[in-house]
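Across the two complexes that follow, chain A remains constant while its partner is chain B and subsequently chain C.
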Partner chain A sequence: MSAKLKKSLLYWLMLSPLVVVILFPFGVMFVTAFRPREELFVFPPRWWFSEFRWSNFVEMWEKTNFGQALFNSLYVSIAATALGLLLSIPAAYALSRYRFPGKSAYRTFLLMTQMMSPIVLVLGLFRLMVVLGMVNNLNSLVLTYAAFNMAFTIWMLQSYFSTIPRDLEEAAWIDGATHFKSLIKIFLPLAVPAIAVTSIFSFINGWNEFVLALTMIRSSDDYTLPVQIYSQVAGRYQVEWHHVMAATILATVPVAIVFSWLQKYLIRGMALGAVK
Partner chain B sequence: MKSLDGMKPLLMILPGLALAMFIIGYPIYDLGFTSLQEVSRFGKLLGFVGFDNFREVFSDPLFWASLNRTVIWTVTVVLSTLIISLPIALILNDDFYGRGLARVIIMLPWAVSLTMTAVVWRWALNGRAGLLNATLMNMGLIDEPIEWLAEAQLAFTVEILVGILVSIPFTTTIFLGGLSSLPRDSYEASMVDGATRWDQFRHITLPLMKPFINIAIVLNVIYVFNSLPIIWVMTEGGPANGTDILVTYLYKLAFRFGQLGEAAAISLIMFGFLLLFTIIYVALVMRGERQTDTIEEDE
Partner chain C sequence: MAAVTIQNVEKTFGTLKVIHGVNIEVKEHEFVVLVGPSGCGKSTLLRMIAGLETISDGEIVIGEKVVNNVHPRDRDIAMVFQNYALYPHMSIFDNMGFSLKLRKRSKAEIEKKVNEAAGILNLVPFLQREPRQLSGGQRQRVAMGRALVRDAQVFLFDEPLSNLDAKLRVTMRTEIKALHQRLKTTSIYVTHDQIEAMTMADRIVVMNAGRVEQIGAPLELYDHPGNLFVAGFLGSPSMNFIEGHFSRSDGEAVVVTEAGTRLPAPDLADAKEGQAVVFGVRPEHLILGANGVEATVEVVEPTGANIEVFADIGGADICAVFFERHLFEPGEKIGLGWDTGKVHLFDKESGQRI
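Then we have the complex of A and B:
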């Protein structure tokens, strides 16, 4: 047996307990979502089930108002991402291209707000939305998600913007283009990949957010997906677990695939590049 | 022209800064103000009472119990995560068959939101029909199903384990970043000197990884200390407040019991703690940047 093969077996053996624990909830999710309702509460509990009930998904969609929650989640995540980017792109550009008074204070401010979690401020945020008359309004989430995400998006964008060479823009200025024109025509096209990756992370943050959505949204028609699914579980005598798991699969799997694919870029937005 | 150039970047950062200041700044101000007021159940401010709310918080046994559990929760989750993640990062940094797949699997918990993870575990741990019981019974490890979430001590332990599980990917990622930046020649030199792998780990890897370990500690403390979804979704701090940590207790006070003054006071206390750790984080990042700068200048 070659040395590498031996090493590989040993490593997989060491990783196996963790791998099992990580994959376990995914297994639970799938076997529950597809099993017939009457096989949910059998005794003794078992993994095995008699048939794949695809109709669970259709039933769940109708009974839990999934479509509406999906739409709400899409609206909030997309609008918050758009608002956040609109404000972040110029700020990130300024950070990567100009020296200005208060720049290092501003960077410190960004790092600090990046760590600010909504939960500690949730009561104050709720009272703010009361003052603004925005309780039970999805736009309250758009505003807060955009604000809390901005430190991350600015930081991530500026780390990419700094890698785009200035020469191209300077050449355009010499040719008589205004700064604004060179920004639109030359800089932004080069920055598209960075902006795309950043918006996807911002989208996922909004998609997954729970505490603020739970707090600000009172009527079930305006629930976002995490709150909608949580409300199927909490404080109910009888939980339709096959529906809950079907909803969980639809709400997480597509996002999880995209996240896993882009995960390696995430670290750049976390100011960790600096530690390296 | 020069002065205009000075103004332009400020104008570019201003709109975003204004939104952040407003959305993050106003609540802090409001919490500070509210914490010094008597507040009705419905959020009406009834007048200045000084530090009465804080006094009430400090004489509340549930606050101390939650604080105590917060410390246990944070310290156990963060320390265990670090201890598990370092060897995992060492393994994933080495070359072996299936490494790509192993990386994807280890990172999976990060890709799913905490809320959804907690919902799935709540079902998996169901005392009657949960598949954890099914698995353990099939393996012959237990004879009777266990009610995992019905008793506070056990429920809290399980929640800590889930907390560790979801913190591993992020921590491993930080460590992998650190390991990939270690200089290869130090290892080769030490091999020549006859060092064992354990020597290498203790005298080269560990000291060089220290900045990454520090960052991982600080960031994890911030994330874990603040984390509501796992405990909220799995037990809502129950049974009988037995799994409440500060965030869940704060949330109940504010949105269930209508104790807004007390909730504001706890928010501020937590904000202070968060601020402290954030300052440590910023200091670590700044120090890292300065070091990178000096290295670059040396080159």
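Then we have the complex of A and C:
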């Protein structure tokens, strides 16, 4: 065995407790989701199930109104991402291309907004939404998620935008492009990696967000996935754990797959933004 | 094609003035090179002509039109950038055709023009590739091609060869010059390389610290530099400067150095007895001879084509270029002479030519 192999085996051995701790909840989620209901609380506990109970998913889908919650979550995450980007791209462009008074103060301000936990702001935001008449309206989540993400997306985009040579836009102007056209034809196509990365972040933030969704949304028809799943557990006499876990798998696995698939872009995008 | 007139142009960044009232006239069809050390304002001036920098004061006229407040796209100029600024996400064909596409020319016309330019620049096999698949020299040619398809009034070049290796630079230099002789488009070319300036220009504008030092044809500037800066900037190895005082004795004009060495000098009417001057002579104008001024050889550098000899002449350093292969030993005494007609005298205080 080569020294290198030995070394990496040793490292993996040392890391394995951590791996177990991290994977354990996923393992429980997985076996519970596929278990027949009768096997949930047998004693002594069994690690594996007697059969793959796919019907858990079908039952869960119907019983928990999962489709509606999925749609709500998709709507909120996509709309918040789109709105956030629509506002962040011009802001990031201005920060990276123009000199204006208060520029560094503005950047610091953006950073400072990140220091406040959303939980601190929940009450205030709730009252704001009451005033706007938007309580129990998915668009209240779209607005708040977009707002919370913007500081991050602006920073991220700005650092990437600064790596796109200004010469390219200048060359386009000289070639006869208007400012707007050079943005559309030259700048934005080159900024796609950064825009993709920030959209993923923004999307996942919206997808996972719980506290604001729980606060703003009242009717179960408007629940997003995290709240919907939570509602299957909280305040019930009997928790259908196999349904809860089936819902959790459906809510997390697709996103995890997309996330890992986009990981290479993510790392490239972040590295490109960081190293000028 | 159009003439370009730059009148009393100034540029300030905040409180920092980087260009102090520059006047340059570029005639139609002319190839003018702006040359100077880095930070002298030559690139800024070019960007002002292009419309990429605002003009703080003065006027820039292209053709008949004052363009101070005209957007770059309406100035009808083409520019080649130092880093080429090719659009990385477009094919070479699209890169070159972009300007025509923006002007809503027909597909057939774009194709014809791009193919024409690609033919001139030997780019035809690469038209469907992307910029990153090309070598530095090829990218450089694409940047040229992008300017060529335009039929612009003026071509601007911003140090287009500085990212190429030495050999390619020489080849491209010749290609650009040949291209200009063929197309005769008014061109303004910025470089810090005096050899590029000398070889390519119809006229050279030497700039320093935001001011124009001298304007003229390459050989005119080389033979009659107006001041110490121009004299020292043009030529490689650069002109030898030796400080001293002008004196006429026994009907002969000399410059007496601090160490008392007497250097034969031209008897210029404007030179006053005892005036503090800088004596300037180009390395290739030094002649080896027994009756010359004595010098001690310090370093000998054979380049192959010629021999560069660095020597001490009365306490001052001097460099001589010989085309014969004199392989002196360090410490050897040699006699250096010169034709006083080829000696330049500058007033020490003002730096101006006497």
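One rule holds for everything that comes next: the second predicted complex is superposed on the first by the 259 of 276 C-alpha atoms of A that agree within 3 Å, B and C clash if a C-alpha of one lies under 4 Å from a C-alpha of the other, contacts with A are read in each partner's own complex, and residues count from 1 in each chain.
Keep this in mind: a residue touches a chain if its C-beta (ideal position, glycine included) is under 8 Å from a C-beta of that chain, and two chains touch if they have at least 3 such contacts.
Source: prediction; values computed, not measured.
Aligning the shared chain A places chain B and chain C next to each other free of steric conflict. Judged by the number of chain A residues each one touches, B leads among chain B and chain C. By the touch criterion defined above, A:D167 reaches chain C but does not reach chain B.
When both complexes are overlaid on chain A, the residue A:G206 reaches neither chain B nor chain C. Nowhere in the superposition do the C-alpha atoms of chain B and chain C come closer than 7 Å.
When both complexes are aligned on chain A by C-alpha atoms, no chain A residue touches chain B in the first and chain C in the second.
Considering their complex, residues 165, 167-168, 170-178, 181, 185-186, 189-190 of chain A touch chain C.
Taken in their complex, chain B has these residues touching chain A: 5-6, 8-10, 12-13, 15-17, 19-20, 22-24, 26-31, 34, 43, 84, 87-88, 91, 94-98, 102, 104-117, 119-124, 126, 128-135, 137-138, 145, 165, 168, 173-174, 177-178, 181, 211-212, 215, 219, 222, 226, 228-229, 233, 236, 247, 250-251, 254-255, 260, 263-264, 267, 270-271, 274-275, 277-279, 281-282, 284-286, 288-289, 292. Of all residues in chain C, those touching chain A in their complex are 50-52, 71-73, 75, 77-79, 81-83, 85, 87-89, 98-99, 102-103, 146, 150.
Listing the residues of chain A that touch chain B in their complex gives 4-5, 7-8, 11-12, 14-15, 18-19, 21-29, 31-32, 40-47, 87-88, 90-91, 93-95, 97-103, 106, 108-109, 111-113, 115-117, 119-128, 130, 143-144, 146-148, 150-151, 154, 179, 207-208, 210-211, 215, 226, 229-230, 233-234, 239, 241, 244-245, 248, 251-252, 255-257, 259-260, 263, 266-267, 270-272, 274-276.
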